[in-house]
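Chain lettering (A, B, C, D and E) follows the sequence in which the chains are written, and residue indices restart at 1 in each chain.
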Amino acid sequence: RDQIRIVGSSTVFPFSTTVAETFGKTTGFKTPVVESTGSGGGMKLFCAGVGVEHPDITNASRRIKASEYEKCTKNGVSITEVKIGFDGIVLANSKQSERLTLTKKQIFLALAKQVPVDGKMVDNPYQNWSDIDKSLPNSKIEVLGPPPTSGTRDAFVELAMEGGAKTFESLKALRKSDKKAFKTIAHTIREDGAYVEAGENDNLIIQKLEANPKAVGIFGFSFLDQNADKIQGSIVEGAEPTFENIAAGDYGVSRSLYFYVKKEHVGSVPGIEEFVKAFTSEDAWGDEGYLADKGLIPLPTADREQVKNSARGLTSLSM
Amino acid sequence: MQNFNTINEPLTSEPKITARDVSVFYGASQALKSINLDIGANEVTSLIGPSGCGKSTFLRSLNRMNDVIENCVVEGRINLDGVDIYNSGLDPVLLRARVGMVFQKPNPFPKSIYDNIAYGPKLHGTVNNKEELEECVEESLRRAGLWDEVKDRLDKPGTGLSGGQQQRLCIARAIAINPEVILMDEPCSALDPIATAKIEELIDELRKRFTIVIVTHSMQQAARVSQRTAFFHMGEVVEVGETDRLFTSPQDDRTQGYITGRFG
Amino acid sequence: MQNFNTINEPLTSEPKITARDVSVFYGASQALKSINLDIGANEVTSLIGPSGCGKSTFLRSLNRMNDVIENCVVEGRINLDGVDIYNSGLDPVLLRARVGMVFQKPNPFPKSIYDNIAYGPKLHGTVNNKEELEECVEESLRRAGLWDEVKDRLDKPGTGLSGGQQQRLCIARAIAINPEVILMDEPCSALDPIATAKIEELIDELRKRFTIVIVTHSMQQAARVSQRTAFFHMGEVVEVGETDRLFTSPQDDRTQGYITGRFG
Amino acid sequence: MEQLALFFALLFLTVLGFILGKGRAVALSGQSDQPLHSRLPYYGLYTAIWCGLPSLLIMAGWMIFEPQIAEILVKSQLKEANASLSADQLTLFINDVINFASGGILTRDPDASILKAAESYQLFKQISYFAMAVVAISVSLATLFGSLKKINPNLRARNQVEKVISVVMMISSLIAILTTLGIVLSLIFETLRFFEKIPFFDFILGTHWSPQTALRSDQVGGSGSFGAIPLFAGTMLITFICMVVAIPVGLMSAIYMSEYAGKKFRAFAKPVLEILAGIPTVVYGFFAALTVAPFFRNTGTLIGLDVSSESALAAGAVMGIMIIPFISSLSDDVMNSVPQSLRDASYAMGATKSETITKVIIPAALPGIVGAILLAMSRAIGETMIVVMAAGLAANLTANPLEAVTTVTVQIVTLLVGDQEFDSAKTLAAFALGLLLFVVTLVMNVVALKVVRKYREKYD
Amino acid sequence: MTDNTPHPEDLSTGASPLKINPLLLKKRNARETRFRLYGLTAVLTAVLVLCLLLTSIISKGYTAFEQTYILIDVRLNTQTIDPKGTNRLEDLAAASYKGLLRDALREQFPGIDGRREKRQLYGILGTAADYDVRDAVLDNPKLVGTTATIAVKASDDVDSYFKGYISRDVPEDNRKIKDVELSWLDTFETDDRIIKKFNMDFFTNGDSREPEEAGILGAVIGSLYTLAITLALCFPIGVLTAIYLEEFAPTNRWTDIIEVNINNLAAVPSIVFGLLGLAIFLNFFGLPRSAPLVGGMVLALMTLPTIIIASRAALKAVPPSIREAALGIGASRMQTVFHHVLPLAMPGILTGTILGMAQALGETAPLLMIGMVAFIADIPGSMGDAATVLPVQIFLWADSPERGFVEKTSAAIMVLLAFLVVMNAIAVILRKRFERRW
């Protein structure tokens, strides 16, 4: 095999493919084949073993889990981790409606299955945004978001919902005493129709938002970036989801994106080292790089330098 | 070679059906050439002639079964009780209920024997309830001489019968709606002599009230059952007249030749 | 009521086919009951009897066409030239090439007339080149009395012919492979007298070299074409003997009754 | 490609076999007066089959098993040199050797043992290829001459050839069985592992589906979270809506095309309708989500109904459109093959066209029509994309077509392509769902077969 | 024997021979008209929906067949392109034209030097615009050393702007094209330097992440390979199976099992076939991932039930008299089937094939499992190379954030439909040749 094979996250897919294409055009190597299998699916394939039938690189929209790492090690795979940047998760609605200004607490109240009311956990009673806070519009809560099987949903729940839950004293206390119970509350999204699981096609969500101005959608920043004329990102905790805010870490709902390299294949499948180099060049992932055009939020300069060094040196990941 | 002058012995009785200048085309080829023929009421008219001469075609134009064939065009006038069945507002559905038909190849529906017979009466609403229907089915089967053979298996498929039984089933089916005219296209070609005799007897009975047109290859049969006979040849009616007269003293050479078995 | 003792006038000539204790079952129902019958070589044997008595069934067991019917079981022995056609290693396919068959309902292939006839010779390789094939097609059609009617449209579909023409086409098709025995199941039931006469003539001619078994409903036909006649009744052979003798002085009451038209 | 060369060599021998076989038959038919049993080409085919089939089978078998044998060989060699290596490392090592031998992909500097192993691996490959060629060609020649010898006037060449064809047919029909076996096998182990984690009855009787809750290891998995009932209810609801759209439209279209329309119209309409079956489901998904669903929603609002923006109705209706051609084309074919004589019989009874159709033609064509409907229904059950895009993913247990539901297949796909973890009940649930769906449709088909059989016994 | 002959009186019991109720007849005729209307409505409904779908696809997608080009005066100086002065095509092809193009742009709009502004300026052109220059030079090597006006591809955003998908009225912040860029474009437009050309690259390129570069060829070839394998496997296997079951197999428990089994396979969701392919073809037989070979085999397994079911129905509909006729002449059962029954059943078999292949052509889910849902820029050269197929390409483009892919998505659907129509046309013509009523 003389062609790099990459699997993994659908969130990283657009960035990975862009690098792959440029890599194929500017070097003598063949254009890598990039598969979109989802972060977990990618890990599964990636960690299955060493050899030409296994992929060389996997993308992930979350960090590798301990269990996955173990599996990799067991199968003789040693890996290098490369953090490539951030992806903001935005809440957005059609420009025909007014922009929402939300706090994480309000997000939690709008979407959690159970919320504390007068100190007791009850099934979410809020039907309209204005039920939560008078400042919010008096329209039905209708949120189109990713299904539980998606990495985006995972991140959203962890960053926004859990953040919101923590603002309640009672839940904060619960977190200390019974972490599991807390997570169950913080991570469970309501199922009474206010939250619509809309599949992983973000373009579809955007088109649905256009058709239904009352609805709010949850998706990655790059889709907001491309459709800024139609939809607007909600302000969360005072920060608007803009390139600068996310890059600076001011916008609270963002996550890191990664790819993982199979060290055993370096040197045997031609071009892996060069691909890593291309990915970690300023031309690609820098503040002015072409990935930024595609919607990737770059790491801070210092972090980039550090990751670049460890990536090009193929430092083994250890957990 | 063609002869459009039919030797036509006039009908003595009132005609039920009159065909005038009837030509039938299948696409470009002409199957019937300007036929003139009267069918007398309450008598049996038999159509004879060599294979392919257009007997079936003529028969099918009497109840507009030719409408079903895509490229078939019928010209001329055919009157039933003085009403043109092609050009007046006469509904072909009604026409076919009045002019029943039995085909050359037995074609029972792939349904039970009972349902085969009950099909027509139910369709036309000629019976009012289940008893009447059952009565009608039994009577029709009896008339067709089939009752004794099938009475124990009325719910068995009609297609499971032997060839002869199937044809009798088809006759019974046609009888069941009490038509005014019954067209029969070689109804007995698949029957044994006894069944044939029964059908012939039945035809004889029926003609007392109905008009019957029968296509047959058996001149004996024509002679036995019919009062008038028309001899077809190459799409024309060569000669038509009283059956006895036609068979004993044919006037046209071709008729003579056919009857005596000289040509075909 | 049953009578297993066939009144069997022995064959004078050499038998081509001998049937011994042949019983045929369709699933649970028995269609033939222990038939014993010899078919003489180079003569025409006709099978007569009322509808549903098993004539077709017997005929089909002579060339193992019953093998095709799923629940049909044939018991007993049928020998062709002394070889058991059921139990020896005889290939049923070859058997059917030697024992040709013409069916009750005309069943031309939905192909051109030419291809209908040419199919058999091509299949069996009885012709070596195109000219021979064309010759064979023409001759077969001539023998079946169909040549003049179809010679201009050999490439037209065989299904477009009239009923009688179709049946003659089927006969021509069977003749084309020069079988030793020809089985005909009411071959003329769809034919007019002239065509029938032609076929009868042909049968007469063919029997000089071939053995012919014919099922017919017409006792006149049986009398005209056949040397021996077997009378079937309810799955049995009631009487078999020289045609003249059988029709003039039947020995069994049932035969007598059938011939004189008393029952069926 | 060496293998290709050998393949063509064998093919050449096969053709040669045909020519020789036929030639021998020609010669025979000239010599003896006994007629040949079969036509000449059958003798050719007979030798060709004997000459080609066994050797090609040997070649195929060889190519399947050779890598395994080679691996074992290399392994045994390496074991001596690298006794210290663990099993995992050994496989890696062998990978290296094989990669190195076959094209230079290597994960470390070639040391002596690898070089040696690679050399012997290559040697084995060469010997193996050579042996394969020798064996295959000699088998081919042997069978060629063997079968030529056997040719005599009594040889039932046609029967033999036909026997081979019928064996091929039997094998073909076995593929369906093997596929089923493969599906069951590829589902069953994961399913069993799933049932180790989730009790069987909680799965098939549970009324709450929410795979997320139990995903995280640091969470208490709600016992009701893997209840498959809502999924099956959703599948049934959507399939039902789909059939409500597709059966009338499809069947009436078929009737119109086969009984009313002229030849030209039919020749035009039928292929046009068939395009509906070929439009990718993504397109239907967009259509359902962006055109049909808002339409239903707006209409619902007008008449005072609360239609959710993702509804079973929208997905089902669009799916119905997609499968119209399954019903229309297949039914049209079967109705078209109902003999004209039956139509004649009915018209002659004074039946109108519609009466003829409903009372004679449809009953006569019923088994075929039922087959078409079953096929269409199967397609509906298996459809994913439209449901994901238009009916959402929420597993509501409802019979209200105006609400969002989800289906089994949608869940299988989402579970399999979404974020997954090794051995989590969530991923395994996809397999369990697959197997359960398999069983359910099996029952459905058995029942359908019984019903059709019963009906057919009555009229045939 | 009983005398069953009816007496004349029996006949007269039924009052008039014609007891038909005229009201009933009217009703029946009305029903007839209605029934016919239903039929026509059904066909028209289906056709209408199809038209609706097609219109929406075409109206969104037709613009993809055009591409905006900008005429730029490029100074093709010899030092950069051909420093050695060999004038050989290889050397000309190997040169870098990016710098020349950038120089030309800067010359056109002097006074731009901010890093950000430069990026914006260069961004007006497509990422592969320098290839347009190269091709122009290769076409006419004499240009080297002169200043030539060359049409180069505009970027996807500029392309969208000129196609009217980006409106100037939107506030600058929400616009992909900023005010400076608009001013440049206006300059180009007033100079008549904006032209539109047929987008040939769409048909000759493989996939790309840049909408203006993305083409469909890779997916078309992938589909072609995949479907070739599918057809080559499922048609013979399906027809042989159908023949065996319908004509040869005894009716017993075994054939019942096979029959139920095949019907059931039709209901197995397509993704499960993907799992099967993953387990059997990839993991067990070790066939390559993402390959049309495997995709074709998986789709063949998926299509098989459709073909078998349709073929069996078609075989069943052939009248037994045809079989008898052939058997009676001494054809073997095999010959009967292959000479007569099969040709008569062909229309139905082909219908099944059309439906099955149409399904295979539009299927994505099972390919997900065997790695064909992937970004593959290279055109596959063989059945073992990595490839995607048309529906996957559509799926991937539909999920891309870039606005430029919206029209590409629709255009790709149009290509897929064209593919389908061609495929069906062949089958329909064949089907017509076999069709006849008896």
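Here is the rule we use: a contact is a pair of C-beta atoms (placed from the backbone, for glycine too) under 8 Å apart; a residue touches a chain by one contact, two chains touch by 3 or more.
Please read these numbers as outputs of a predicted model, since none were measured by experiment.
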| item | value |
| --- | --- |
| Chains touching both subunit B and subunit E | C, D |
| Selected pair, greater C-beta contact count between D-E and A-E | D-E |
| Most centrally placed chain, judged by C-alpha centres | D |
| Intercentroid distance (Cα basis), subunit E paired with subunit D, Å | 20 |
| Length of the line joining the C-alpha centres of subunit C and subunit D, rounded to whole Å | 48 |
| Chain centre separation (subunit B, subunit D; CA means) in Å | 54 |
| Inter-centroid spacing, subunit C versus subunit A (mean Cα positions, whole Å) | 83 |
| Multi-partner residues of subunit A (each touching 2 or more other chains) | 37, 200-201, 204 |
| Numbers and ranges of subunit E residues touching at least 2 other chains | 28-29, 32, 286, 319, 332-333, 368, 398, 438 |
| For subunit C, residues contacting two or more additional chains | 93-94, 105, 123-124, 263 |
| Pairwise chain contacts, counting only pairs that touch as defined | A-D, A-E, B-C, B-D, B-E, C-D, C-E, D-E |
| Subunit C residues touching subunit B - in the complex, by the definition given at the top | 49-52, 56, 104-105, 145, 149, 161-165, 168, 186, 189-198, 217-220, 258, 261, 263-264 |
| Residue ranges of subunit E in contact with subunit A within the complex | 115-116, 119, 123, 128, 166-167, 170, 173-176, 208-210, 282, 286, 288-290, 368, 371, 373-378, 386, 396, 398-403, 406 |
| Residue ranges of subunit D in contact with subunit E within the complex | 64, 67, 158-159, 162, 165-166, 168-170, 172-173, 175-177, 179-180, 182-183, 185-187, 248-253, 255-257, 259-261, 267, 269-284, 286-287, 291, 321, 324-326, 328-330, 333-334, 336-340, 352-355, 357-358, 367-368, 371-372, 374-375, 377-379, 381-382, 384-385, 408-409, 412-413, 416-417, 431, 434, 437-438, 441-442, 444-446, 448-449 |
| Touching residues (chain side subunit A, partner subunit E) in the complex | 3, 5, 7, 10, 13-14, 16-18, 20-21, 24-25, 30-31, 33-37, 53, 95, 200-204, 220, 222-223, 225-229, 288, 293-295 |
| Subunit B to subunit D touching residues, read off their complex | 63, 65, 68, 70, 93-98, 100-101, 103, 105, 107-112, 119-120, 123-124, 155, 157, 159-160, 170, 173-174, 177 |
